[in-house]
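Chain IDs A, B, C, D, E, F, G and H follow the sequence of writing; residue 1 opens each chain.
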Amino acid sequence: MTTEGIAELDHDRASRRGYPEAVYCAGKTPAQLAAIAAEVRDRGTPTLFTRVEPGQVEAVLAELPQAGYHEDARLIAWPPEPPAPTGGLVAVLAAGTSDLPVAREAALTATHLGRACELVVDVGVAGLHRVLNRLDLLRRARVVVVVAGMDGALPSVVAGLVSAPVVAVPTSVGYGASFGGLAALLAMLNACAPGVAVVNIDNGYGAGHLAAQISAP
Amino acid sequence: MTTEGIAELDHDRASRRGYPEAVYCAGKTPAQLAAIAAEVRDRGTPTLFTRVEPGQVEAVLAELPQAGYHEDARLIAWPPEPPAPTGGLVAVLAAGTSDLPVAREAALTATHLGRACELVVDVGVAGLHRVLNRLDLLRRARVVVVVAGMDGALPSVVAGLVSAPVVAVPTSVGYGASFGGLAALLAMLNACAPGVAVVNIDNGYGAGHLAAQISAP
Amino acid sequence: MTTEGIAELDHDRASRRGYPEAVYCAGKTPAQLAAIAAEVRDRGTPTLFTRVEPGQVEAVLAELPQAGYHEDARLIAWPPEPPAPTGGLVAVLAAGTSDLPVAREAALTATHLGRACELVVDVGVAGLHRVLNRLDLLRRARVVVVVAGMDGALPSVVAGLVSAPVVAVPTSVGYGASFGGLAALLAMLNACAPGVAVVNIDNGYGAGHLAAQISAP
Amino acid sequence: MTTEGIAELDHDRASRRGYPEAVYCAGKTPAQLAAIAAEVRDRGTPTLFTRVEPGQVEAVLAELPQAGYHEDARLIAWPPEPPAPTGGLVAVLAAGTSDLPVAREAALTATHLGRACELVVDVGVAGLHRVLNRLDLLRRARVVVVVAGMDGALPSVVAGLVSAPVVAVPTSVGYGASFGGLAALLAMLNACAPGVAVVNIDNGYGAGHLAAQISAP
Amino acid sequence: MTTEGIAELDHDRASRRGYPEAVYCAGKTPAQLAAIAAEVRDRGTPTLFTRVEPGQVEAVLAELPQAGYHEDARLIAWPPEPPAPTGGLVAVLAAGTSDLPVAREAALTATHLGRACELVVDVGVAGLHRVLNRLDLLRRARVVVVVAGMDGALPSVVAGLVSAPVVAVPTSVGYGASFGGLAALLAMLNACAPGVAVVNIDNGYGAGHLAAQISAP
Amino acid sequence: MTTEGIAELDHDRASRRGYPEAVYCAGKTPAQLAAIAAEVRDRGTPTLFTRVEPGQVEAVLAELPQAGYHEDARLIAWPPEPPAPTGGLVAVLAAGTSDLPVAREAALTATHLGRACELVVDVGVAGLHRVLNRLDLLRRARVVVVVAGMDGALPSVVAGLVSAPVVAVPTSVGYGASFGGLAALLAMLNACAPGVAVVNIDNGYGAGHLAAQISAP
Amino acid sequence: MTTEGIAELDHDRASRRGYPEAVYCAGKTPAQLAAIAAEVRDRGTPTLFTRVEPGQVEAVLAELPQAGYHEDARLIAWPPEPPAPTGGLVAVLAAGTSDLPVAREAALTATHLGRACELVVDVGVAGLHRVLNRLDLLRRARVVVVVAGMDGALPSVVAGLVSAPVVAVPTSVGYGASFGGLAALLAMLNACAPGVAVVNIDNGYGAGHLAAQISAP
Amino acid sequence: MTTEGIAELDHDRASRRGYPEAVYCAGKTPAQLAAIAAEVRDRGTPTLFTRVEPGQVEAVLAELPQAGYHEDARLIAWPPEPPAPTGGLVAVLAAGTSDLPVAREAALTATHLGRACELVVDVGVAGLHRVLNRLDLLRRARVVVVVAGMDGALPSVVAGLVSAPVVAVPTSVGYGASFGGLAALLAMLNACAPGVAVVNIDNGYGAGHLAAQISAP
């Protein structure tokens, strides 16, 4: 089976944009993913498989047995080892433990795009001292990725404390009126401090990619 | 002209609920308001006229010339002098200058319902030191009213710092994706710190009333 | 396993805010919850585990076997016994039987935060006599928590009857156009009687916490 | 000028449906309305002009000088005198004074469709005694039209008290989170008492028409 | 087990409103339903159990073995036989086969509230001849219940053809942009023909109840 | 003044796509429109100016005095005379008189793109006979443009009667719950008859353009 | 079992509209589908069964064993062979592999309605060269169907490149803020190039049908 | 008059975050702005006044007569001369002329924060050649700001062509279903190419600020 009729991979994306190809797995059949993985293997294109679901993992790993699978982040990276880091530091903050999978997806993505990355968890604004305790890290970073659900308030607070840009990722964590992350998304778009770049709900991959571009050498 | 056929005032509300009557002026004609004001005067019921628009003010003041008109808060209070304060302290915080009219409506309402009240302005989370500078006031208060538009992040931060309940008032201040205060409203409902009581968008009257009840003796 | 890298518990929250720590379980893995429960046990911090799902209960109880698990309210309380009650009475009203799990979560939370609490069920506005029959309880309470889905009309009716503040909790109970509790939420935010404090949809924990703060001694 | 190319009046609607023609004026030019009014006059078709704006009134009255113009209800009725009433009684309740224009449009429409009609104002659920004082009227009616903005709670309460159907009209009266009447609309659709028929926001005409059909002999 | 603490049945609803009690089953546990069914049996109150899910049926039928269970309509009626019909005819139209469960719930409810009822299926506006073929039935009815998903266009067409009121029930049937019935709901609220009474999405019970009230003798 | 820095007209659009250039006037200053009109005149590119507001008309006509201004459709056409018609017939239906401006914009656009066009008004589904009276026209057309607000039901009915494709244009005409045309838009997207192509709310230009493409020779 | 009481098939739709009947399977029971399939077989009406779910397939195939089942497109076609193609070419573009099921449903529908059809996959705007590589096909087509989720940007780009009309199908593919296809739907309705006809989310059948009508001989 | 009680300026923001103070003028009275402007003058803090409305301009310029007022961008800059540029190049693209005011606000902000900036207009995706003609500029930039209304498709296309991050600004330009910029906002959040940072609707200031941070030396 080949990818003909199901996908047209963008193998020269690395040269055109400077970053690996990414395959968004949601909605693809295992057979389609196997064909894509085989082509990735044959062409040698560095690739991230994002949003991998349990039933899809085997199909990819069968073709790319050395690939690195990160279950919590739902990510498969090939090759498994990230390149040596260049550019500025990426700091990733998760407001709560429930935001951790998305934060890990962001951190892994930035790492595989060639950045040094530090991840800190459980620094919600309900306990400001936890944020303030991290000021040193925040001010060393070239870009700060902030992952938060519920009220989405953390990016505003962080952006007010640093001069680096903040990449804000709303998550779908929360009670009913979070409406699947809408509340956090709107809060982040309305951040009262300038310097907040918003990406899609639960889109750790997009946040990590953007952070890597911002902190590029 | 009488109020027959246009309104049925709740003169015993004071005895039943313990607080003055309120007349919501939006959508009422000047003639209707004049009739209501005349009845208020004749019955001697303490009353707040809320959301008064310029064309309505004269109609009310013609019948109640001693009433106190607060233009920025769009409020007319009768009698103009609030009662002597009892109960706990009400602190009112406005995140930005643009939130001031709503914050003043809240503070005036709480004052006319018999509470001591302190109002502080421009303490948005983008400058955390401004919030932290007010910790003494925040911790003296029996209830804190927080008025904020845009990201609505301030109530979460305040609620994390005090043990008193926080009454959060979203305002319609902000860029397009605030959607008339929806963003701040949702953020406040999703506050990551417990202890946040949310009222309607721009509803300073409701916030002041609720705060007065919470801090009742 | 420790909580390092997955959570940073706020053990001094009791001293800072005066109430127990809470762990929001949704989205956390059993392993993460086990680590958190172990730390709670070791540090002796009174803690409520909220929104516990069946697959998570064992992980927590394995570390805290004496903890009190309330299945309908999806709550684990540690220690299992609430403190002796102080402050004012908290009345909790559930509009219908389907609202009972959220109402129980609110009542348990208020109890574990140190308040006396009475819970009444099935007092919807479609049978006003049921509400009016409870006037004595309603007027004895320092704060009334009202839990309702569908039209969310009960808080308006109750707030018109008492001088105490009302904490309104919308639930996701209802036909299609309740939109997961949005209808009740909006109705409560627009309550025509002042004195209604709204919290998030199905957020019994938040309502109980707020009620405990309002009725604090 | 004729109506050719701008409107095709439904003169036999009276025979087909049994009720007068209605002309929705919003968005029509004065010239178009004049042509329509002239045709109404020439054909003698009983007609209601709804949602008339100030700049349109003269155009209609110039052709139909005897027509009855009701400014608050934004309605022009021709002929001005309603038919002698038949069928059951229509009770119209307005929750607040600000809902009065819509309630009057409903009452006038029902009257011009041939029903006896009684209008009561300011019976919001925040003062239940006002509703209960009207029980006699409510139980005499064949149908009750309830007009309410804000929380839209009144139809639920009324429907729980009577065996007649309730026609609920949400109005756009309220603070920001009423979202132009959406809150009241959703509450009414989710009324916890059965027997509530909902019409469009501020649509007094539609409510009066429906009530007249329900109470037809 | 009794209903104490879980429900307060409204046994005199029949005398107060003239119709049987209804128990909304969604969100109730089998044990709660069993207790309610036992009380219904002991008190002899005619009752409809609506929105019954498979796991709940046995609990009810164990206490009320003679009750009539209608699987497609998710309804249990007790007693199983409806009363002899009085009042006017109720016509129920389902736009498509997929709308049939809701239409059957409406028809069964009206029947158990004492009305004669005729049900017609698959009369969508895409085949107008199917509607026009039913004109005789439509014009004999005292009220027409129209059940439709997707574009919700059928009530407008029917209301334009008859002088009786139309009860419109939107269903959640349709492609993505039906948004769970929102599209049909809005269309029905905006029906261009007057005389359309809208109820909640998929709420066949509410439609049948309203129709029975409208066509009461 | 030139268009440099404010617009880059697409003069070869005629050759690339086969249709005239269009200038969307909303949000442009009179000075900008004058510069654009001057360039249109100098280059001789056939152009439609859409959504022209009163204050903008003079600026365009000063540079293109021969242009044809259609006030109700808010359209300026240059050259004023449409080309000789080719291709199939375009039928345009307006459900109500209030939908006429949008319908005229559609008809004028199709005409200036080279099609024969017939416009019929006031054929709403509330009076089906008006639609059925036009069956001959509808079945002669190569494409039918249907313009409707409120319930947006007309496209479903028309699409069920003809084999030609239907271009549906929702308008913002209607009561509150039309939400600016959203109700009609959703209804049209959910049309129960296949063959309905939906364009933006009030977008007569887009509908006319699409119809001209569909009926191209 | 017959279709009486569950469906009224439109067997003369072929003569009236010129295209086969379609049966929307969502929400129908296997027994209902079996009865419909039997009637289709007996009457010999060409029919498409759309949105078939796994549990429904056997019921249809038991009655129509020769029918063609396309699992990925969730479509059963009877007769299985499409008619010989007439009219213009239909090009179908899928922006990504995840959009393929909807694209196949569109292509199969157009084919069974008698058109020649070419399907191209993975031509998203993030790699413009993939679109530009297909210019030859795009300009040969009489109509282009564009299937895209996420940002829904492809129809705008394609419409700017061709003179044929574009049928745009939003899909529910994407991260949280796609809101089930709403983002793509709105983008397509707001396409900055004219000539874009939008259908419902994931509605490949509707798109294929519309394309077949547009490209009819 | 002083700013006491109306605003608390953040004069050390420059030192803390490295960029000038900004005053959001919407909702402030001329008197408040005058007091703020006077304090700015007295303290010498570089400041941008954003969203200035006509009635506010004089109040600011009276205190800061040398300030630079940019009417189209609704911006007042003090001091009027930007600092000498450092860091990377900022490219600003406006999809249409109607997006120009927001694009100018972005460009001016970036310039006053110390960046070199180039602005290009009318490069919508409906004419891809206009985008492709600018590839040289796009690839020289350290960050690209893309301002677009309607379908919001341009950021996806640009992000697919460059390796620099893209700051996407949705504007409220468009027909009804743009819903005040919501359509463009959602499209940008769902951009199918990674590397897109979204800011609030019409928020040129925020975009320019973010771009300046990203391209900082």
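The rule is simple: contacts are C-beta pairs under 8 Å (C-beta built on N, C-alpha and C of every residue); 3 or more make two chains touch, one makes a residue touch a chain.
Here the structure is a predicted model, which means the values were calculated and not measured.
Q: So if I look at the partners of chain G and the partners of chain H, which chains show up in both lists?
A: A, F
Q: Write down the chain pair with more C-beta contact pairs when A-H is set against F-H.
A: Taking the two pairs in turn, the one with more contacts turns out to be A-H.
Q: More than half of C-D's contact pairs recur, by residue number, in one of D-F, E-G or G-H. Which one?
A: The pair repeating the interface of C-D is G-H.
Q: Counting only Cα atoms for the centres, state how far chain A is from chain B in Å.
A: Inter-chain centre distance comes to 43 Å.
Q: Once you find the CA centre of chain C and the CA centre of chain F, what distance in Å lies between them?
A: 55
Q: Which residues of chain B are in contact with two or more other chains?
A: In chain B, residues 96, 126-127, 160-161, 174-175, 177-179, 182, 185, 189-190, 200, 206 touch at least two other chains, as defined above.
Q: Residue numbers of chain B touching chain D in their complex, please.
A: 5-8, 10, 13, 24, 26-28, 32, 36, 170, 172, 180-182, 185, 200-203, 206
Q: Write out the stretch or stretches of chain H touching chain A in their complex.
A: Chain H residues touching chain A: 16-19, 22, 160-165, 167, 185, 189-190, 194-200, 205-206, 209-210, 213-214, 216.
Q: For the complex, which residues does chain B have touching chain H?
A: Of all residues in chain B, those touching chain H are 72, 96-100, 119, 121-123, 126-127, 130, 173-179.
Q: Which of the residues in chain H end up touching chain G in this complex?
A: Residues 95-96, 124-128, 132, 149-153, 156-157, 159-161, 174-175, 177-179, 182-184, 186-193.
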